[in-house]
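What follows is a pair of complexes built around chain A, which joins chain B in one and chain C in the other.
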Partner chain A sequence: MGPYLIRRAGLMALTLAVTSVLVFVIIQLPPGDYLTTYIEELRAQGEMVPPERIDYMREQYGLDRPLVEQYLVWAGGLLVGDLGYSFEHSVPVRALIGDVFILTLVVNVATVLFVYIVAFPIGLYTATHRYSVGDYGLTFLGFLGLATPNFLLALILLYLSNRWFGTSIGGLMDPEYLDAPWSIGKVLSVIEHLWVPVVVIGTAGTAAMIRRLRANLLDELHRPYVTTARAKGVPPTRLLVKYPLRMALNPFVADIGNLLPQLVSGSVIVSAIMSLPTTGPLLLRALAAQDYYVAGAMLMFLAVLTVIGQFVSDVLLAVLDPRIRLGGGLAK
Partner chain B sequence: MTAPEAPPPPVVHAPVPDDPDAHFVCPAPFDPTAEEVLPEARQKALEAGHWRMVWWKLRRHRLAVVSGLVLIGLYLIVLFAEVLAPYALGDRDTNHIYAPPQRIHLVHEGEFIGPFVYPVQYTLDMVRLKREYTPDTRTPQPIRFFCSGPSYEFWGMIPADFHLMCAPEGGTLFLLGTDRLGQDMFSRLLYGTRISMTVGLIGIAISFVIGVTLGGLAGYLGGWIDTVVQRMIEILRSLPELPLWMALSAAVPVTWSPIVVFFCITLILGLIDWPGLARAVRSKLLALREEDYVTAAQLMGARPARVIGRHLLPNFSSHLIASVTLSIPGMILGETALSFLGLGLRPPVTSWGVMLTEAQNIEAVVLYPWLMTPMAAVMIAVLAFNFLGDGLRDAADPYD
Partner chain C sequence: MTAAAARPGPTTGPDATPDADILRVRGLTIDFRLPTGSLRAVEDVGFTLRRGACLALVGESGSGKSTIAQCIQGILPKAARVAGGAVALGTGRHGEPPVEITALGRDSRAMLALRGNRVATVFQEPMTALSPLHTIGDQVGEPLRLHQGLSRRQADTAVVDLLAQARFPDPKAAVRMYPFELSGGLRQRAVIAIALAGEPDVLIADEPTTALDVTTQAEILALIDLLRRETGMAVLLITHDLGVVAHMAAHMVVLHRGRMLEAGPVAPLFQDPGHPYLRALMGAVPRVSGAVQARLTPLRDIRIDPALLQSLRQGTPAPDALPDAPPDGPPDGPPDDDAAPVMLRLDALEKHYPLRHGGLFRRDGGTVQAVRGVNLELRAGTCLGLVGESGCGKTTLMRLITGALRPTVGRVLFDSGDGPADVAHMDRARLTRYRREAQYIFQDPFASLNPRMTVRELLTEPMVIHGVGTARARADRAAELLRIVGLDARMMGRHPHSFSGGQRQRLSIARALALGPRLLLCDEPVSALDVSVQAQVLNLLADLRTALGLTMLFVSHNLAVVRHVADSIVVMCAGRLVEWAPADVLVNDARHPYTRALLSAVPEPDPHRRVTPGELGVARASDPAAWPAPYRPGPDGRTQWRTLGDGHVVAVGGPA
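The block that comes next holds the complex of A and B.
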């Protein structure tokens, strides 16, 4: 287990390092920097900007230094929790973030749990009741869930809730808690609002997961060892839980590697539509305003979220499957 | 690849009564040179080439065939959008803003007069500040077919004014209603098909080239190239696609011309989407490069590019086509999402995602639900590609 963990952690560090370069390059891509835009704006308002002040600001933000140095400063800051400075709001990025990261984490973890809790019994049912009415019905629903892009689902839900209940289901908490400090009431309010975005973001992933679990289990159900166990008189439920289910669980856990990036992508766009106080709207706003340290912080956070999630899933998989931890190979 | 030998036709013997240990011997003399005679259909099946067998297998997959037909229909719309749309792109009717869809009727006061629409009367509800359109059922206006209507340039080159159907003389034909600017949603949907369906194709072409090149090199050459490519694939796959797409498209300057922006967006979609394909190519090549015919080609002095392109790729081209088909929906959805968020294509370019930006705020959606129709188009296209891809994946290996 030890060597495997070290290798896996090394890969995670490498991934994050490459990602940070990638993110830095991407946020530097737009022609000009925020300062140029800012000065243009000031000029357009008829304000005189003395060149000394421009130079001072440039130096202040380190924009005059070579890109490699800028990257090192930025990446070094990330390591110690300094996310840079928001030009648009004139505050450090940290001050801007507030609960955003926690809420994003809550939404995504809740969605992963939702996907697993829903997909597991349904996948089990459809595999053991193959070609029954329930199987066909659920498979059809799954196809619909797969084909409906989550942001369209969000729109449809917004429309229906407005039509039927006359309320908006946007947001992640009641308005009175928006800027309030954390309290029991706020937590309850978040939990109350959480289910709509979780269902919206998780539907496609759930549908995919059900199909995969069903296929895996169907493969296992007809193996000779199942026949042997049945011949020996093992009761059906015990048989299912003891052998095929354990085999089928491996891909189920390993699949978080595909699931997580998909869910995070989904949560970004859904939160922009449903105006959830998570990374989505903030990232969108920062990208539009070329506020690139904010955008960089959001992108890095989302990447860290998926990469750590995959690390956890790989470790779980190694615990489940001795072949992986003994072979020292990567879970691919 | 040769098809497996068919089992010889069973020889029927008269059963020997009361023999519990029946043992039969064929009484016919053994002729080692005799050719097996097969039924004609079976013989044809044995001689069929790879692609014919793929087609036979695909044909049995009903849903895939239907989806294929739907996709052919969509691409016909791509080709002939100008002719099929009753209005030209950018035509605005400022007297009909947010007009609801007009229904096509066939029977007027008990009399059959062919497809027609009723004209709509516009009133402004001053209390609710809502535009009200009421159909005027006294005067039916027959729809014109094969007619000359608003002029356009076919494919931006040939000026013409021929339409499959046009609005009645002095009337309007808004089959899916109109939007904020009074543009016909149906016509825009057809023009949007052109952009949305091409984005998928061009994007996948880019991702295909990158994926096959990198995956091919990694799988065929192995060694450090393989390690580097594998790490790249792992890193890219572990990152969420959409935020990266968003950040990259936000870097495309607003001032660039719509065509350039269109190509930039497809390039961005393709640049991030290749790892899946590269991985498939790599694992296939890893298995295939040990085959004897590869060694033969190498001994005859073929370079890697030739061995991969001429000898290895054709071996799993049907698998490749299946995975390409399955990755197109992701591109279409990506473009739709980006345009919807205002980071992708922008008006005057019309795509399904651009049209859906109108449906972004809840007021518009509740008051004018027909603004959501492009959603149906997106879902149909995505489902069709998925079903066809599933069918192709099953048919890619027709030898079982």
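The block that comes next holds the complex of A and C.
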């Protein structure tokens, strides 16, 4: 296992390096830079900017240097945790998005847990009670969840949570905690607000996962090894969990790699609508304003999540499935 | 009907006390609930199984024999319902009270305690009967943990004993291994070990060797027989193979469509089968000994309409006429008949594969020599049988012949009358023509037909690919092909799933004939079929060959099958050809130790010719290093043909 992990880690680093180049190229692609956008905005407001000031700023931000150098400075900074400087907000990127990263992670981890916790029992039930009333009912609900647009669900749930629980509309916490330091009250407030976005972002994923788990399990339930286990006298529930469910798990584990970035990017619009202080709205704004380093840090954040997700799922697969661990090239 | 089975003659058991019966089945009737209504799968079946005895349930697929087994094991599917009768299990070896299995709830506590403990099953498919994600130790130890309350560690120790009992070569190592790391034979030993774990009173062996090679089959049968004697458990053998019955059982029950046709001791029934069905079943079994029958007698014969064949021959889109191959000549000509030209010549053929150990985590070099130094000739209009166990390289050899694989060394020369051409170096046009001239019939009729295509699409596809005829002509020809293989032309719009295994294999044959081939490469075409259907397909192939003057290469692991279709037989082992002779000579005068082992492993449908396990030594015979001189390969691993006359050659090591 050791050499495999090392090789995978090396590949991860390489992937991230290549991604950083791509990210940098892409955020540099639109014509002009932050300063041109900035000057345009000032002009639109009827203000004149003296050329010396522009040159000074350009020099100060390093925008006059060759692209390669700019990239190296940026990438070198990333390595030591320096995410660069936000032109627009005039603060280091790290200060700007530190909290946002954490809250994004909280929302997404909660969503993944929600998806798994809801999808597994339902998937199991629908597979073992195929073509029953319960199966049809849950399947219908699942399709409803798949088909409902996220933003609509978001608006409905926001309304309901406000009506029933008096939760403040939008955001991940009550307004009074917005700029307050972390405290027990703030954490509780976050938890109180969390369920709406989690349900909204997770619904479609849950529905998709229920369908997949059901299909996978149905494939496995009639395999000969299940009959063997029945003939051994294994009790039904234990049998279901030990054999077919274990086999049906593989696609889910393999899916973790896709799940993380999908949830992160899928939540951008929803976050904007619900004005969640997550990375989504910030990324949109940064891209629009050509605020390079904010956008770059965000995209790299996505890339890191993707790569880590893949890594985790690959390692878990190898742990779960001896055929992958031991048999890679032995396919006859 | 049941009366015959109720008194199965003098017991062979130790003593005929009133409780000598361990299992009594009385008037058993089982219905299946289907969307279309109720289906009676088993009707009024009754028999008794004596302690320590072996009883065989014999029948084709669909005869209800597996349903009976499931009922006794207590694992009937949800859709099945016992509509009448009873299955009663007698007092157990360890003093367990008698129990009526049919009276227990589906997953009741008493039923769970019975399964894998007092009654255990050895299943048909060792490849899929074990979970790929759990170790052998885990799966074999599970009944111990369930029924005897052993801890995982105690169970692991006990598992080593069980695996040793199932004659695992290295039981300690096997505990930590996964099923996919073991061969088919070893996996079946693991399944047997699972069944042994509960020290069952009744062992149900449900087609335990159907999926295995003949040689592995002989070992597994010997093992089951040995274990029966050692432990005193009774064995209920479910099989369609009369050879296996004769080999193993003292009594038999013949089933057909869920009903008992005949029951009684094996020897008299084999000598004088009363019911016409059993007689027909006997006639369908290919045999190694005795004179070769011209035709096997299948239960439902397909006769080919000569007029159809005539039209097929005329309609054959032959690129150019075969110069002097005798299309109507007797196919039984000896292989050294110099009149017929050589159609296929394998010239010092070798195929090496790079070896990768351990997949993800370890990588090592090295090569496997799947085919080594193969020299072979196939004359036009003859049928050559190629026999060997799985893993001997016969499928690789076939793929080399089709050109799907490129040989590492040597040449495949094909000659359809315009001079020999090397398959690996044919130009595009020649290769396209070669692909029309050489057609393949695959082993698995379920996997080799695209389930989403209709019969019409399946049969016309080769013609479409090769641009033969108009759409109308292709459809007509497809209908004709269907009639030739004995199917109804009205089935053209159906999909493969609505056909049985034998019918699908006939579809495969029809598809292979669509382009009017010269050479038919048959890769185990009947090994997935029931004996009765097998005879039908073998006869069809033989008839087509005679009628169309086809040249055939027929691959199988079963010498008895090959003997019925081939003019000459060549035996392959560990990538090498070891013996080559006219079919009768090979069967009656085999010289090579491996050929002899193969012959001895075929269970003949004759209870007086049982092979005892000690005589076999099959495992050793497939290892070239264990062959005695002069057969042992030389130090460089090479062998060469030594001629014995009459077209009989055998491989020897070193210079002759």
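Assume the second predicted complex is superposed on the first by the 292 of 332 C-alpha atoms of A that agree within 3 Å, B and C clash if a C-alpha of one lies under 4 Å from a C-alpha of the other, contacts with A are read in each partner's own complex, and residues count from 1 in each chain.
The rule is short, and it goes like this: contacts are C-beta pairs under 8 Å (C-beta built on N, C-alpha and C of every residue); 3 or more make two chains touch, one makes a residue touch a chain.
Because the structure is predicted, anything quoted here is derived from the model rather than measured.
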For the combined arrangement obtained by superposing on chain A, do chain B and chain C clash, or do they fit? clash
Contacts of A:N162 with chain B and chain C, given as first, second, both or neither: first
Using the superposition on chain A described above, determine whether A:A303 touches chain B (first), chain C (second), both, or neither. first
Can A:T19 be said to touch chain B (first), chain C (second), both, or neither? first
So which one touches more of the residues on chain A, chain B or chain C? B
A:L287 in the overlay: touching chain B, chain C, both, or neither? Say first, second, both or neither. first
Mind working out whether A:L11 is in touch with chain B, chain C, both or neither, as first, second, both or neither? first
Touched partner set for A:T228, first chain B, second chain C, both or neither: second
Run through 224-232, 314-322, 458-466 or 566-574 for chain C and report the one that clashes with chain B in the overlay. 458-466
Residues of chain A at both interfaces, chain B in one complex, chain C in the other: none
Could you pull out which chain B residues touch chain A in their complex? 231, 234-235, 237-244, 246-248, 250-251, 253, 333, 336-337, 340-343, 356, 359-360, 362, 365-366, 369, 372, 375, 378-379, 382-383, 386
In the complex formed with chain C, which residues of chain A make contact? 1, 3-4, 223-225, 227-236, 242-243, 246-247, 318, 320-330
Counting only contacts in the complex, chain C reaches chain A at residues 73, 75, 107, 111-117, 120-121, 123-125, 128-135, 139, 142-143, 146-147, 178, 180-181, 191, 194, 197-198, 356-361
Which of the residues in chain A end up touching chain B in this complex? 11, 14-15, 18-19, 22-23, 26-27, 29-31, 143, 146-149, 151-152, 155-156, 158-159, 162-163, 168, 170, 257-258, 260-262, 264-266, 268-269, 272-273, 283-284, 287-288, 290, 295, 298-299, 302-303, 306-307, 310, 332
